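Next come two complexes built around chain A: one with chain B, the other with chain C.
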Partner chain A sequence: MLSQIIYALPFLAQGFAVTLWVSLLVVVLSLIAGVLMGVGLVYGPAPLRWAVRIFSDTIRGIPILVLIFFVYYGLPAVGLHLESFWAAVLALTLFKTAQVVEYLRGAVGSIPKGQSEAAMAIGLTFRQRLAYVIFPQAFRRFLPPWINGVTDAVKGSALVSLLGITDLMQAINQVIGRTYEAMPLYLLGALVYFAVNYALSLASRRLERRFSFIRE
Partner chain B sequence: MGYTLNFNLIWRHFDKLWGGLLLSLELAVISIAIGIVIGLLLAVWYVSAGRAVRTVIAGYVEFIRNVPLILLVYLVFYGLPTVVDIAYSAQTSFIATLSLYSGAYLVEVFRSGLEAVPRGQLDAGKAIGLTPWQRLLHVRLPTMLRITLPALSNTFISLFKDTSVASVISVPELTYGAQWINFNTFRIVEVYLVVTAMYLLTGYALLFALRLVERRFKAAR
Partner chain C sequence: MSKASHANPALLDISEVSKAFGSVEVLRSVSLKVTRGEVVTVIGPSGSGKTTLLRCVNFLESYDNGSIRIDGKEVGYREAGTRQRRSERDLAAMRAETGMVFQSFNLFPHLTAAGNIMLGLRKVRGKSNAEARTIAEHWLGRVGLAHKADSLPAELSGGQQQRVGIARAVAMEPKILLLDEITSALDPELVGEVLEVVRSLAEDGMTMLMVTHEMAFARDASSRIVFMADGGVSAVGPPAEILAADFDNERLRSFLARFRASHF
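Moving on, here comes the complex of A and B:
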């Protein structure tokens, strides 16, 4: 039994690499999209604000699994053919983007209005205000929840196994199909996910404590 | 584009979606009910226990929170029966999983709620001669519940969405109904549009109703 699992380790490691790759792509892409849309939500003209609000509330209101199936099965119907890997990354990114939008809105919203007004008074342009006044202050509010939210991306990535992508979850299921060692393999998988996510949540907590000495 | 929306087949099989939605709600309600019991017991135990018990409870909470739900669902349904002599339906197994899952989140919610109860209230309870049990039951828990009500409704709504994971072990809830129609009629875009609307409407209706409940309890003070 143990030898079978040891024999499967390289295969499981490959699956784990896919899990990390999917998570990394989702985290980076959603950070870019989420910050842009979040700025649109806070500072944009009304139609843009509504669009982002509707996007975020819709995405956060449905199960991530439904979103994955919708994107995977639905896109070809409207003429867009994506590989299952990229369909999964797209769906997870949409989901995570909505979260990043909310983190950003919360962080920027916590900066006192006077800061913006003072920056305006000394003649800074909109971009300068964001870059030199708002973002540096909002950063410490944004970072801890965002890092903590990275665990959601890692956990969510396990759902890509349902599209036949051989991530860690799917690799575990395949090895179980061969060896029938369900319990040890699920526990091993749980341990790996746990190690990654627990490290991330510890980092988030540590940052939060580090930033907590700063008071307005 | 070459794709025309046609909802006829969706309406013909709508009972699959409607029944699925009701089952999703049922799964969420049962699981949060059991989860609240687990969460309350462990939170009360946690705040009054020694280091060893605290470590065990924290271990349970951290384990559940850091592992994907889908893995927990597989582990309980496919894994557990291979080492323990139990047999259960997919639905029972999913309820067990989601209960343990929500329990772990609620321990955290209730624990921070208990710690947020002002010290003065407990002292006042002691001063009028309440026993420790009475202080817990009549002072600490009611105040804590009022504090945690918003977090409780959020947990419930996210559990409602999490029930979609039950589809991976063929529990016929809403997402499973969507896949059934997807595979049998190929009206893919339509079925996911309808299901998205169903999740959204139900979720926001729940949110609205729970916020009303919260306001009522706040007004009582």
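Moving on, here comes the complex of A and C:
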């Protein structure tokens, strides 16, 4: 039994690499898109605010699994054919982006208006105000929910196995198919996911402490 | 008025400025000129438009009609008459020419006292880190806080925070300093140290437009006092005249009477 699992380890490691790759893509892409859209939601003109609002509310109202199937099986109907890997990344990114938008809105919205005004009064431009005054303060509030979201992304990436992508989850299933060792393999899988996410929350706590000197 | 005001055109020229929030007129055709080196104090009951007027001068508030010029340059809008806002870059550049000190200090809590002062110097004035630090230390010294350069705002008392707020504004070498009820959020025993700093800036010839409820300070430090009521300028004149018990303005007299009743 053990030898079979050891024999399968390189295969499982490849799956784990895919899991990390999907997670990383989703986290980075959704961070960029979510921050841009979140700034649009807070500071943009009304039409932009509405567009972001509708996007965010719609996406967050759809189960992530439905979103994945919709992108992969539904979008070809309008001429957009994506490889299963990129369809999964797109679907997970859309889902995550909608969350990042909300974290950003909450974090930036918590900064008192006087901060923007003081920054304006010394002549900082909009971008400078965001970069040097608003974001550094909002970061501390943005971080905890966002890291939570990152761990969700790592866990949620297991759903890509449903499109036949060989991530950690799919690799485990395939090895179980050959060895019938469900219990130890799922246990191993659970441990790996847990280890990644635990490391993330430790890192988050350390970061939070670094920024705890900011008091309002 | 003194001869100097004829020789110098007004540094700040507010001309027939009006503003409404919905159906409420907060400013009604306000006109006011401030010459270089003058300290002009705006007094009046709450809701009279004092703070709004101040905030229009650096365009934290827009206005509907009229014109505000600093050194002959239209603030906020591209041309008097058109309501076309200046670009973001233009507005930022214009705001850098006016310093503002806020009632609630509004120091940046993630930056030290020196860091608060250095931010504008570096990002707006383009100074190097070392230059900005030198200037920041100079001004912190001027407000009596040289030893607090590396303290965070949360580690400072209200009076100290407000002195950093003043240093942050004047370090940018603004043409005019706007002070918006800067002692109203302070414990009474901390008011003096802040007013002392303002007084010394006035002695150095800094042009100031301030809103305050400190009548004794307004009387001692101002070149002129403006009394606002219902969004308009109701009376203007030297302190001795405006604060005299027999000044010919019913509203001003009743404001001062109520004020004295509640403050003495």
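One rule holds in what follows: the second predicted complex is superposed on the first by the 213 of 216 C-alpha atoms of A that agree within 3 Å, B and C clash if a C-alpha of one lies under 4 Å from a C-alpha of the other, contacts with A are read in each partner's own complex, and residues count from 1 in each chain.
Keep this in mind: a residue touches a chain if its C-beta (ideal position, glycine included) is under 8 Å from a C-beta of that chain, and two chains touch if they have at least 3 such contacts.
Not measured: the values here are computed from a predicted model.
With chain A as the common reference, the superposed partners chain B and chain C fit together side by side.
In the superposition on chain A, A:65 contacts chain B only, with no contact to chain C. Of the two partner chains placed around the shared chain by superposition, chain C is the only one that A:121 touches, whereas chain B remains out of contact. Contacts of A:109 after superposition: neither chain B nor chain C is touched. Legend: residue contacts after superposition of the two complexes on their common chain; A:136 is shown touching chain C, with no touch to chain B. In the superposed pair of complexes, A:164 makes contact with neither chain B nor chain C.
Between chain B and chain C, the partner in contact with more residues of chain A is B. In the overlay built on the shared chain, the residue A:176 is in contact with chain B alone; chain C does not reach it. After superposing the two complexes on chain A, the closest approach between C-alpha atoms of chain B and chain C comes to 27 Å.
The residues of chain B lying in touch with chain A in their complex are 1-3, 62-63, 65-72, 74-75, 78-80, 82-83, 161-165, 167-168, 175, 178-179, 182, 188-189, 192, 195-196, 199-200, 203-204. Those residues of chain A lying in contact with chain B across their complex are 58, 61-66, 69-70, 73-74, 77-79, 151, 154-159, 161-162, 169, 172-173, 176, 180, 182-183, 186-187, 189-190, 193-194, 197-198, 201. Those residues of chain C that touch chain A in the complex are listed here as 58, 60, 88-89, 92-100, 102, 104, 106-110, 119-120, 123-124, 152, 154, 168-169, 172. By the touch rule above, chain A contacts chain C in their complex via residues 112, 114-115, 117-126, 128, 132-133, 136-137, 213-216.
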